[in-house]
Amino acid sequence: MLNKIFSTFDAAVQDIPDGATIMLGNFAGPGGTPYYLIHALKRQGTKNLTIIANTAGGIGLTVDYADHRVLFENKQVKKVIASFPFATSARNPSAAEKQIAAGEVALEIVPQGTLSERIRAGAAGIPAFYTPTGYDTVIAKGKEVKWFGGKPCLLENALYADYAFIRAYKADKMGNLVYRGTQRQFNPVMAMNARITIAEVDEIVEVGEIDPEVIVTPGLFVKRIVKVTEKPDFPRHLETSFRV
Amino acid sequence: MLNKIFSTFDAAVQDIPDGATIMLGNFAGPGGTPYYLIHALKRQGTKNLTIIANTAGGIGLTVDYADHRVLFENKQVKKVIASFPFATSARNPSAAEKQIAAGEVALEIVPQGTLSERIRAGAAGIPAFYTPTGYDTVIAKGKEVKWFGGKPCLLENALYADYAFIRAYKADKMGNLVYRGTQRQFNPVMAMNARITIAEVDEIVEVGEIDPEVIVTPGLFVKRIVKVTEKPDFPRHLETSFRV
Amino acid sequence: MKERLSRETIAMRIAKEFFDGAVVNLGIGIPTLVSSFVPEGIDVIYHSENGVVGFGPVVTADEMTAKADVDFVNAGGQYLSPKAGMCFVNHADAFLMVRGGHVDFTVLGAIEISGKGDLANWMLPGRGVGNIGGGMDLAFNVKRVICATEHTTRDGKPKIVKQCSVALTAPKCVNLIVTDIAVIEVTPKGLRLKEYAPGWTVDEIQAITEPELIVSPELKEYSLF
Amino acid sequence: MKERLSRETIAMRIAKEFFDGAVVNLGIGIPTLVSSFVPEGIDVIYHSENGVVGFGPVVTADEMTAKADVDFVNAGGQYLSPKAGMCFVNHADAFLMVRGGHVDFTVLGAIEISGKGDLANWMLPGRGVGNIGGGMDLAFNVKRVICATEHTTRDGKPKIVKQCSVALTAPKCVNLIVTDIAVIEVTPKGLRLKEYAPGWTVDEIQAITEPELIVSPELKEYSLF
C-alpha cells in the first residue's frame, strides 16, 4: 500500500511550486479550514499563487483567526477566485481587499453555488455547464447565453487545481475521509478536484476502521495526509451529538 | 411534521397518471431495485410511461427476477431512456427489446455515466452540460459540439422525472435515507431529481435515530416512504460486514 | 413621523408565509430573526449554504460555552443547536438544493428593489466592492424570494425604486416585500400593496415608494395571525 | 495452426501493467480474470461502475451460500467480498471518477480495434442492437485503455482492422492491445508490435492484422514477469 502519511505539514507542502493553483476549504469560521496547511505554505513562501476558496481570508466573521489571509499578507497570491472576497466591515478591510484595490491581486468573483459547481465540474470531467444564476448581472459579462425552457442561462467553465488543502476529521491510511458537521462545506468537492489533494485531520486510523458506508471522500482522491498534533490557537468546542 | 409514510405500495403509486415519467434504481441484480413499487405500478396499470433507468428490465444478468420488465410485458411503457436496454443473451430477448424492434416502444440509449450526470443535472438546476463522452459516435447525432482545451465535447441536456422509485435500506420518518452497499447506484441521484420521490425501505425509524453524518439522501428529497413487509421472491443474503 | 414596525414584527409577518415541511433559507440580518416566530404546528426545515439542513435554533449568548462548536455553524458563522433529523451535505449538494428548486423560501435583505422585482443587495455600500456569496444563487433559484427590509434608507430615501442604481443580485426575482410599513407583492402587472402598518395610509406609503403601487382589493392592516 | 495463449495468460500479461495504488476498472470477460494475476506488492484499487471502490475478490461458486449478497455486487452482477478500505458511492460519483480522470486503467473487450485505436465493442453481434452501458464512458475517459481480446474472430478474420465496420465505442481511445498472440501499443504513428507469443513471427502476426505493424526495436517474447 502506498504511504500517504506525511509527518509534518511543512513536508506535505514542500514541493508546491510558484504559480500553483490551490483550492482550500473555508466557510464561516475555522471549522473546515485547513489551518496548518495554510501556515505551512506561508512558511514555505511559494509566490504567484492562484487561490480558489469561498473567501479571500480575513473577512472578520465570527471567530477572528489567521486563515488564508496570511498568504495575502505574505504577498504570495497573484489571483483569487472567490464568492465572498471582502471583509464584512469597512473599518477592517482584509489584506486581499487592499491588494485587489491596489491592482496587486486579480479577483474573479463567482456566485457561491456556481463556484462549488465549477469545482465539481472540474473534478467530474465536465468542462462547462449552463446555469441560470447570474444572467443579466455583472456575472454575465463575456459569458455565452443560451435559453433552456424559456430561461436564459450562462455557460460556466470548470475550475481545476494543482493542489487542494482539505480539512477533515478522520482519515484512514488509504486516505478515506470523514468530516465533522459543517466541516464538509467545500472540502469534499475540492478533494475530488485537485491533482494533489492534501488532507489535514485530527485522527489517522488503520484501513478498515471507518465503516465503508459512512466514508464521504474516497481515498483515491487523497494523495497526502497529515495529522494535527498542536492545539489550535482559536476556540474549538467538541460536542459529541453528531460525531461519527 | 408531515406524514410521509404510506401503508401500502398500492397507495403510494395510486395517483401516478398516464404519461408520467418515472426514474427507478436498477443495476446488476435485485439489490437496489424498487421491486414492490414496480409491481404496485403494474397492478395500478398506468399507461404511456416514460421509464428512465439503467436497463429496460429483464436483461438476464445474474439473478433472474421480475424487475421493471413487468411494466413492458404489461404494455405500460411508451419510451425508455437507458444505457443497457437489451438482454445479454440473444436467446432470451427482453419484452423491451421485442417492443423496441416492433416500434411499440421508443428507445433513447445513453452512455451510463452521461445518464446519471443528466439525472444529477436535472436535480441540480443545470439544464445542460458538456461532456467528451460520445463524440464521433452514434451518440453524437444531432448534438451540439464544442471544443474545450483541444477536446471535442457534446452538449447533453438534463433529464427530469415526475416520480422516482427508490430502493433504500432504512428511512427515518422525515425521509432521510441510508443504503446498503451497492444498493446506492442510481438511487441517491434519482431521489434528488423527481418531483415526487417514493422510497421503498426495509425499515422505518424515528427521526433522529439515523446519525446525521451518515445520511445519504436528505429527507427533503423524499415525499413518500413505504416499508417492505413481504419476503422477496429472489435470494437475498444479508452480510453484516458493511452494514450501517 | 409615523411609527414603524420593529424588525421583530417584520420577521413575525414573514414567518406567517411558511407552510408545514417548507424548506427555508434565511439570510443575515432581519431574515435570521424569522426563525423565532414560526407558528406552532408549522415544522420548517432550515437550509444553510454551507451544507446543513434541518438544524435547530442558533446558540444564544448564554449557551455559548456549553454548546458552541466551530464544526456546527450556519453560513453566517452562528453556532447551531442540533435537531433530530438534520443532516450534513457538501457545498455542491447544498446548492444543488438551491438551484434545483428544492428550497421553498429564501428571506433576503435588500439595498434596493425595483418595481419589477429586481433585487440589489450585494455591493457593500460606499466601498465599491461587494460579496456575492450565496445570495445570487438564492435570488435566482429559490421558489419564493421574500425581501425583509426597512421601507426607506436611513436618510429617508425609497429603497423600493423604479430602477435599481447599484449592481443587481438578480433581475425579476422578488416575490414578496415585507417592510416596516407595508407588505407588497410583486406581480407581472407591478407592485401590489396588500397590507399596511397600523396608522399608515396608502398615500403615505406611496409617497416613499418610487414605483406606482396597485392597491389590492383585499388591502388590510398588517396581519400577524 | 500455431498455439495461442490462454485467456488466463492474456489476463496475466495485462496485470503486469498496473502500478501500486492504481485505480482499475475491469470489464466483463477476459478483463475480469485480470484481478487474479496482479503481482504481489502491487495493491490495486478496483472501481466498479455501480458505485463501489476498493472491493475484494469476486465470490467463488463454493463461497456463494455463505457470502453472496444482492447488495454487494459489481457492475457485472458478480457478488463481491469485502476488503478493508472499500467504500460505496452513488452512480454519478462513480462516473465522476471515470470522466474526471481518476481511474488509471480500464481493461475492455473488443469486437474490432482500428489502427488508430478506435474501439468497437458495444453492438451485440448479429442482433443489430447494443448495450452501451458504461463502456463508452470508460473508453473515452480513463487514462489508459487496455483491450483484452483474441487476435482474430472465430472464423479467423482480423479483429484489429484498418477501419471499424461496426458502431464505435470511442474513437482513438485504445492505448494497449493484449491478444492471444501479441502485445501492441497504439502510438500516434500507428500500431507498435512490442511482444509476440512463443513461436510466432512478426510476419505471421502481420498476416492476421489489417493495419501495418511498426516493429518495436525492443520487440521480445510475451513477457509475464
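Letters A, B, C and D name the chains as they come in the text, with residue numbers starting at 1 for each one.
Just so it is clear, contacts are C-beta pairs under 8 Å (C-beta built on N, C-alpha and C of every residue); 3 or more make two chains touch, one makes a residue touch a chain.
None of these values were measured; they are calculated from a predicted model.
Listed here as common contacts of chain B and chain C: A.
Should one ask which of A-D and B-D has more C-beta pairs in contact, the pair is B-D. The chain with its Cα centroid farthest from the Cα centroid of chain D is C. Separating the centre of chain A from that of chain D, both taken as means of CA atoms, is a distance of 36 Å. Chain geometry summary: the mean Cα position of chain A and that of chain C are 28 Å apart.
Chain A and chain B have Cα centroids separated by 33 Å. Of all residues in chain D, those that touch two or more other chains are 82, 86, 88-89, 95, 98-99, 141. Within chain A, residues 117, 120, 124-126, 131-132, 179-181, 212-213, 242 each touch two or more of the remaining chains. If each chain is drawn as a node and touching chains are joined, the picture fits none of the line, ring, star or complete shapes.
Touching chain pairs in this entry, ordered by label, are A-B, A-C, A-D, B-C, B-D.
If you check the complex, the residues on chain D that touch chain A are 20-21, 23, 43, 45, 47, 53-54, 82, 84-89, 95-102, 141.
Listed in rising order, the residues of chain C touching chain A in the complex are 48-52, 67-78, 80, 82, 86, 88-92, 94-95, 98-99, 124, 126-127, 129-134, 136-137, 140-141, 167-171.
Against chain D, the residues of chain A that register as touching in their complex are 1-2, 120, 122-126, 172, 174, 176, 192, 206-208, 212-213, 215, 218-221.
Considering their complex, residues 117, 121, 124-132, 146, 148-149, 151, 153, 157, 178-181, 211-214, 242-244 of chain A touch chain B. Only residues 27-32, 54, 59, 61-63, 83-86, 88, 90, 97, 100-101, 109-114, 116-117, 119-120, 131-139, 169, 179-189, 216, 234-239, 241-242 of chain B touch chain D when the two sit together in their complex.
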